[in-house]
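For reference, the structures are reproduced in the following blocks.
Below, subunit A partners subunit B and then partners subunit C, in two separate complexes.
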Partner chain A sequence: MVFLKLAIKSLKNRVFTTGLTVLSIALSVTLLLSVERAKRAAEEGFTQTISKTDLIVGARSGPLQLILYTVFNMGNATHNVSYESYEDIKKNPAIEWTIPYSLGDGHRGFRVVGTNEDFFKYYHYRGSQKIALAEGDVFKGLWDVVVGADVARKLNYKLGERIIVTHGVTKGEGVQNHDDKPFVVSGIMKPTGTPLDRGVYMSLQGMEALHIDWQSGAAPTPENAVPREQLNKDTLKVHTITAFFVGSKTRIDTLRLQREINNYKEEPLLAIIPGVTLSELWNGLSYVEGVLRMISWMVVVVGFMAMLIALTTTLNERRREMAILRSVGATSSQLVGLLVFESALLTLLGVISGAVLSLVLVAALKPWLETEFGLYLTGSGFTAREWVYMLVTLVGGTLIGLVPAMRAQRLALKDGLSVRL
Partner chain B sequence: MFKVLLISVMVLAARDHGSHEHGAGRVSIGFDGRKGRIEMEIPAETLFGFEHEAKSKKDKQKKEEALKNLEEKITEMIVFDPALKCEVRKDIFEVSQSKNHADVEADFTVSCDKAVAESTVSFHFEKVFSRFKKVQVDFITDGVQKSLQVLKNGDSLELK
Partner chain C sequence: MSSSNILVEMRDVQYTYGANQKPTVHIPEFSIVRGEELFLYGPSGTGKTTLLEMLAGVLKPQQGTLKILGCEFSQMSAAARDAFRAEHMGYVFQNFNLIPYLTAQENIELPLHLSAGRRARLGSVDSEMVIRALCGTLGIGDILGKKVGELSVGQQQRVAVARALLGKPDLLLADEPTSALDTDHREKFLKLLFELSDLYGTTVVFVSHDRSIEKLFTRSISLESINKVV
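Take a look at the complex of A and B:
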């Protein structure tokens, strides 16, 4: 109790330096905890971009490539999957649902995806979150499109807006446009914080209609062009898709189904379990995690050094205080105890402030991080790892106090009482 | 942000899937509540110490012993939480022999008293077959799809 009183009074006497020391530790702890939380959020955002989907099936390439072009809107498929193969596999009794996915075109830098209404019914992300519409309806007509939240926000699209799709995927405005076949925005999706927000979704027949007169791979001549009015959703036949998502009846079925699809005789196909591939990819990123953590710990060490410097420099000012304490009967080990107690107190204050600050930052920046970076900060409390970090910081800060304490112990009694000339 | 991460991944995490690599294996585990299935694909060299067709008495004996070991010690290699009281039974063992290579495909069925969700599974492949150097484990159960590269005894996977 005496220690506490003495330490508080002594720290109050040096309120400015004490404040700075606590601030430096608090900022270090905030950074350490924020990096840990951001890492968790990035992992969550990354691995939960798609959920409840058991398999993604595409033309045989690499699992990485398949997941990049289907889930992350990156890269392109080298081959397509024939619609017959899709229909054939879909009949497998182990399959509960499928979502066909047809890629290849773009709209002002955003991907255009041809799919069907099952996309809105079965596609899940971040656990059991489903795609929902903020306005309008799913594509019912041949020329309807649903736009992702980012597309609507960045291009300022409203319901009923007419849009032109570009042939191929371009970064900005397209070179060859399907301008004879404009689409109409029938729905706008709610933000998901995933790459889904950056897509334009239409029916498979809509995608087919765009390319009906592009059979040679080039834009149609005026005499070959098929007028928009002649096309009908019910009569258009889908020939190929890029990939499809599969939900199986049981997880045990998934393993068997994966093997069957990978050995499918009619066409070389690749079936991947998305969560497994994403988890493998994330494990490949563990070096980034290690670097981030190392930087955070270095910041904590710098915080400790700041405390060490503050305690050591003030020691000189406190020579008289130490000498008086010794002269009234305090032993040298009690002085060591007092100084170590002080540093423990400073570290504790720093850790508490840092923890509170990190929680405040999370609460304040959560909506912005979600919309701008797709980082979902989950869980309100601290994880076991975060508690360990705080404990390690507390012990480290307390031990740092030993350095000035040992110095103070070596100071002779007369050193503080005698006047230096 | 994801683009930066993904580009790093493309450079660093691209892996060769399905290739025959001595010392490496692939294990897929699927669970529906309390019932599950284990599928293993292992180069024969890792289990038998050779990949040619077992013709001599000595080779045949080595092969039989290895397969017996695989069947009997599967619960030492793949360790479920003891509280779940899981029982693992051999389903199909198949050795596919090509000209220069041989692979073992081993399937097991698993039945536990409790659902495996939220539990931890640990792996000790090298403890039973010392030639194991890395095993790619894929685990799929309701709401969890995870993967782990087992490089040493005791590496574990949390099913949450």
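Take a look at the complex of A and C:
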């Protein structure tokens, strides 16, 4: 086909402008695809922050508040759950496992969580990922803590490090330190890419021991303080927890269990299904996604404009070329075809290089995005939506090519065979 | 002279640019005989280009009849006239005849790719051989693979002639193709052109304002004598 040859040779002849045009389209496509992929990763990461947990139970408040303070370390619980209620509910035959969660204290900007060893056994995120330790062991003794990956990295903690817990804050700097009762780092967790990385984990008894000598929320005076040495993990009695996670035996049990807990007579409780609440929360944030997408489309339009300018500015130089093609028998609609074909070719090259570039970027930046941002770029290849985006870009670029093509046709009809520049 | 000898026949042909202006070209009667080498001269503004473009089928006469090879141009569509031009005519420009990003040979082959009729005129012969033979005669056999930019003006004009004459067209239209050449080369160029056009039976219509070469043609006519407007 002579037009393919003409178009390719002509573009090759203008390799610099052609290259820049292809580059500008490729970069816009890369941006568009990367935003889409990052959005996909963010959504997956977000809704998979916790998985395999059927219910989260806390004192009665709102579902969003409950999920925010348990899973995302945002905000505080207004009430606690009594340990008796927890023990009572735990006996329900529909329940397979539970993880108790006790919040309220912090350590140098990170939150402290009181829990038990079931936390390491049953807590899942991103499908079937479990918490694993990079170094050391889980908290066996009363004064042992396990620190999340971010905590260890930011504060440069090693095993055996002695740490002091701050009272009453889950974030930021506090005023009162539990400096009479230091803890020892017994284990360091592997990175999970979830808010778990920013927590310090200890036994429920450890959390209880911190506050045993506190009265009505006030720090103990020196005379009634209980020394660290007198406390023993086996004799300490836990009074309250903040929330607990529940895994039910079958999915069908979950809804019944949720209803039973929400109607629990002894204490006002709230049980939520985390998957549902997480999706609701994500949808509430989806305008951010819309804004990002709009910006990437705007970048694509700018890419088209660059192509339009590049093609239109070369038209004047090409008027004689058009006259020669006319003289050897090309019709004016064939000239339109030639120029539209050129734009289509440019856009195709741009889309292909943009797609390849985005794949290369994803492959290259994957480890960095995972450790720095907790963005897990899952899945290879492109989704249906991404294929549609590429197709839309291709069609758009070809249509944009009509603008210089129509102008070329007008010039060709006006010039005829005599171009006097 | 019998009517089968007439290649181009014009009667009352008029062309006006824009509205409410006096016509640029008004030719009451004019014909071109098959096989002649016609020199049309006249200063700028006498309608040389308009006449050439009507003959090439790029412009359509607004009035009157223009027949080439018995085909009535004023009744053909633009696409049909484009196809007719590709099949039956060669065109040589004053300068800038070639597409810069193609080689000499690719430029010469262009009409063959655009017109099946032109290709058919080569018969069953391999086009490569025809081009080699033609270019050998024109003395450009050794530069066919070169980029246009590497050629001299004289070589470029001969490549343009090769393209125009490939497939033995009925009519060769030339728009001052010698103005870029010096007197010596001008005569050589024309002699070579006529040698080939005689061989192929191609009629040549050559427009120029430079009368120093008119003696080489079989007929020389002033545009002012056939165009009623000027």
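By definition in this document, the second predicted complex is superposed on the first by the 407 of 421 C-alpha atoms of A that agree within 3 Å, B and C clash if a C-alpha of one lies under 4 Å from a C-alpha of the other, contacts with A are read in each partner's own complex, and residues count from 1 in each chain.
Everything below uses one rule, namely that a contact is a pair of C-beta atoms (placed from the backbone, for glycine too) under 8 Å apart; a residue touches a chain by one contact, two chains touch by 3 or more.
All values derive from a computational prediction rather than experimental measurement.
Chemist: In the superposed model built on subunit A, check whether subunit B and subunit C fit or clash.
Modeler: The answer is fit.
Chemist: Quick one: is A:251 in contact with subunit B, with subunit C, with both, or with neither? Answer first, second, both or neither.
Modeler: Only subunit B; A:251 stays clear of subunit C.
Chemist: Is A:232 touching anything from subunit B or subunit C once the two structures are fitted on A? First, second, both or neither.
Modeler: Neither partner.
Chemist: So in the superposed three-chain picture, is A:287 touching just subunit B, just subunit C, both, or none of them (first/second/both/neither)?
Modeler: After superposition on chain A, A:287 lies in contact with subunit B alone.
Chemist: State whether A:279 touches subunit B only (first), subunit C only (second), both chains, or neither.
Modeler: first
Chemist: See if subunit A has more residues touched by subunit B or by subunit C, and give me that chain.
Modeler: Partner touching more subunit A residues in the overlay: B.
Chemist: For A:321 in the superposed arrangement: first (subunit B), second (subunit C), both or neither?
Modeler: A:321 contacts subunit C only, not subunit B.
Chemist: Who does A:332 touch here: subunit B (first), subunit C (second), both, or neither?
Modeler: second
Chemist: With both complexes overlaid on chain A, does A:13 touch subunit B (first), subunit C (second), both or neither?
Modeler: The second partner, subunit C, only.
Chemist: Given the overlay on chain A, how many degrees, to the nearest 10, lie between subunit B and subunit C at the CA centre of subunit A?
Modeler: 100
Chemist: Once superposed, minimum distance in angstrom between C-alpha atoms of subunit B and those of subunit C?
Modeler: Minimum C-alpha separation, subunit B to subunit C, in the superposed model is 51 Å.
Chemist: Write out the stretch or stretches of subunit A touching subunit B in their complex.
Modeler: 42, 45-46, 51-52, 54, 62-64, 68, 72, 74, 127, 195, 250-255, 258-259, 273-281, 283-285, 287-288, 373-375
Chemist: In the complex formed with subunit A, which residues of subunit B make contact?
Modeler: Residues 1-3, 5-6, 8-10, 12-15, 17, 28, 30-32, 35-37, 39, 136, 138-149 of subunit B touch subunit A in their complex.
Chemist: Please name which positions on subunit A make contact with subunit C in the complex.
Modeler: 2, 6, 9-10, 12-13, 320-321, 323-334, 416-419
Chemist: For a test of understanding, state which residues of subunit C touch subunit A in their complex under the given definition.
Modeler: Going through subunit C, the ones touching subunit A are 49, 52-53, 56, 58-59, 78-79, 82-83, 85-87, 91, 93, 96-102, 106, 110-111, 113-115, 118, 163, 175.
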